[in-house]
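The chains carry the letters A, B and C, assigned in the order they are written, with residues numbered from 1 in each.
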Amino acid sequence: MTTIFGVPAAALYGQLLIGLINGSFYALLSLGLAVIFGMLRVINFAHGAQYMLGAFGAWMLLTYAGVGFWAALVISPIMVAAFSALLERFLIRRTYKLDHLYGLLLTFGIALIVEGAFRHVYGSSGNPYMTPPALAGVIDLGFMMLPKYRGFVIIASLAVCLAVWFLVERTQFGAYLRAATENPRLVQVFGINVPLLLTLTYALGAGLAGLAGVLAAPMYQVSPLMGQNLIIVVFAVVVIGGMGSIIGAVITGYMLGVIEGLTRVFYPEASATVVFVVMAIVLLLRPTGLFGRA
Amino acid sequence: MPEDTKPALLVQGLRAWYGESQALHGIDLEVRRGETVALLGRNGAGKTTTLKAILGLMSRREGRIEVRGTDITRLPLHGIARTGLGYVPEERGIFSELSVAENLALPPVVLPGGWSMEEIFDLFPNLKERLNSPGTKLSGGEQQMLAMARILRTGADILLLDEPTEGLAPVIIDRIGAAIRALKARGMTVVLVEQNFRFAQKVADRYYIIENGKVRDHFGTDELASRQQALGEILGV
Amino acid sequence: MTSRPSDSTKASRLPLALAVGAVVLMLFAPLAVYPIFLMNVLCFALFASAFNLLIGYVGLLSFGHAAFFGGSAYIAAHSAKVWGFTPELAILLGVGFALVLGVMIGWLAIRRQGIYFAMITLSLGQLVFFVFLQSAFTGGEDGIQSVPRGHLFGLIDLNPTMNMYYFVLTLVVAGLFLLYRVVNSPFGAILTAIRENEDRAISLGYSTRRYKLVAFTISAGIAGLAGGTKALVFQIATLTDVNWHMSGEVILMTLLGGLGTVLGPIVGAAVILSLQNYLAGSMFPVTVVIGAIFVACVLLFRRGIVGELSAWLQRRG
């Protein structure tokens, strides 16, 4: 049997794969947080709840309406985005003129309400969600067996991150976003409806969380609390990356997923905490984060 | 009064506040179509504030503002530009995260009759060469040209220019002057805030003197001679 | 944020009278209210007041205070149960642990401000949570149960509820008094100056980082005092106390009562615990209510109960 640093190669590859998968979710979630923070200056604590809503949306579509995975992959994030647009329009908007901490506290409260309500109705145990038949089974990569669905998640998340990058950096809508991040009043004086832009941005970020939720549904149990602890790890990822750029958020996400996977191979006891330890080290060496600006 | 004889911009009793402190104490302006009006006055007299208040950029304002006879006082911030008001701020407001091309394309078209890219590049050839550089890599003069160019594209026909010559070399100032005359030739209305009276004199049709947030005097070019003393007192010219 | 009465002699006497009145009230409260509940309120009032030192007077929102509260609870419980420490020593050890942890977490977290500070403390709190989850001595999901209350100084049996009650009351009053002294000292004035304008404080020559770190450590230590005491009251230390939900709860208590007010955290703790007590008997989901109160506090009354009340009193003259 091949070994690498005394670890069976298959185990190493397996954990690297899991790391990349987790990294895919970190990347998608921290990307959404970065998009929202860039425009609204709000740390969206409801991001974990929106991720959960995405997964639950897919599960409910299947259970109550017989709508399958591929349709849910489109419908569920849109539902999450629409719901979140209402949140922004009627609640979050009212915190923009206050200390930014109030945005954090408000979205924290929203997360508690949403997660609490779902737990009340569905209990805290998970509901399984079937892998779509087209993606069942494995591919033999030669050095390891890759479950098709996992490969799909990695590719899908990369594609989505790329699409968001394109949207922000290469389109007129993205130009509005970047300009409004810099000087929202002037952008509005030019005749651009900035309040609407803020709503759309929040919906976009939340929709990304919802999409991550749908992608997670076939791999993990769909449960009301699935986003709760994840969001804290993603916050740490965001602190490490530094909120500076979209690319920074994505790269940091994948990187920490892989670091976590490697930790699981070489020092499994620390796998739950390694992201936080990395955060502490980054704070010591570069308090603004890897991609952050002072 | 038929629609097209109404003034391009009419401001009545405009008062405005920065937070708690009142900056404008009742400004009245009337700018006819195709006219270039210069707002003169000392630093802090309220010239820039008048432009900002017209655009809705102050925390609080009272009074009435009409564009071609339509009341715009209650419009949301982004609705005001849609009536054809184009703004070139004093600090120019070039977005550093955007390239020159993106800066140019940023403000949405608000009225038909906006300038084509060819026309813009004829007026400001420098911009064509710098299209792909980041907005803030431009020189001060180029930034000023970009700030004007991006408004011309939108079809806005009432331009509010805040100190377009500030900090620029004489050669560049001449170019900006030529640009303003080109705008006038096309029938555009211009409200110009200027410290540089010699520049204002080259382009303006009429003058308003602002002092302590009020209009102290207004007159046309023909009356300039009779106002020399007052101008000297206020502007040091 | 706090009210500023015009008459200075009145100002110095009124809080004193209020405080004495409150202590006297608490001395006799067990006659009317279930003492275990009262002790719970006392512990959380102290916890929330410790948290309030940071948010109310330094402007730092810690989202990781459960680490000190729950961490100290584990240390106190373990030392009382396994090492046979007397209650005061067990709590002291818990406080010591919270202080050390406070220096460590504070030292890292004060490198950033605002929302970053909140996210960093949240993350580091979660790190502490996982360390306790994985440590053998904490008993995992079961926690440390059947913790003996023991004999105070080896003499006074704390098993009788009333003995325990007066012990807790003494500790909490001492803790609150200490916080009050910190806030009303020159040190507290500098903290407020940092909150108002940090750059200015730096330009005046203050090492603001050091002040923030000391404030953070004091806050952590007193949160630890509350947590260690609570572990002995309920004779159990579990993951609940070290979980981030607990950090959220203490934020809510302080926010609801009134950030930066002396009485606010105490009122907030009493209201939230009463509410939880009441809801526990109903079918209604507690988390939803807690979340709704958060939303209401942020959108409708950011000054909290005490803040709004004192503003109302001032308006009335």
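In this section, a residue touches a chain if its C-beta (ideal position, glycine included) is under 8 Å from a C-beta of that chain, and two chains touch if they have at least 3 such contacts.
Just so you know, these numbers come straight off a predicted model, no measurement behind them.
Centroid analysis (C-alpha atoms only) places B farthest from subunit C.
Pairs A-C and A-B differ in how many C-beta pairs touch across them, and the larger number is found at A-C.
Chain nearest the geometric middle of the protein is A, using mean C-alpha positions.
Subunit C has its Cα centroid 57 Å from the Cα centroid of subunit B.
Between subunit A and subunit C, the centres computed from C-alpha atoms are 33 Å apart.
Averaged C-alpha coordinates put the centre of subunit A at 45 Å from the centre of subunit B. Counting only residues that touch two or more partner chains, subunit A has none.
If you check the complex, the residues on subunit A that touch subunit C are 43, 91, 94-95, 98-106, 108-117, 119-120, 229, 232-233, 235-236, 238-239, 269, 272-273, 275-277, 279-280, 283-284, 287.
Those residues of subunit B whose C-beta lies close enough to touch subunit A in the complex are 55-57, 76-82, 87, 89, 93, 95-98, 102, 105-108, 110, 154. Looking at the complex, you find that subunit A touches subunit B at residues 172, 175-176, 178-179, 181-183, 185-195.
Residue ranges of subunit C in contact with subunit A, taken from their complex: 61, 108-109, 111-112, 114-116, 118-120, 122-124, 126-127, 130-131, 133-134, 244, 248, 251, 255, 285-288, 290-295, 297-299, 302.
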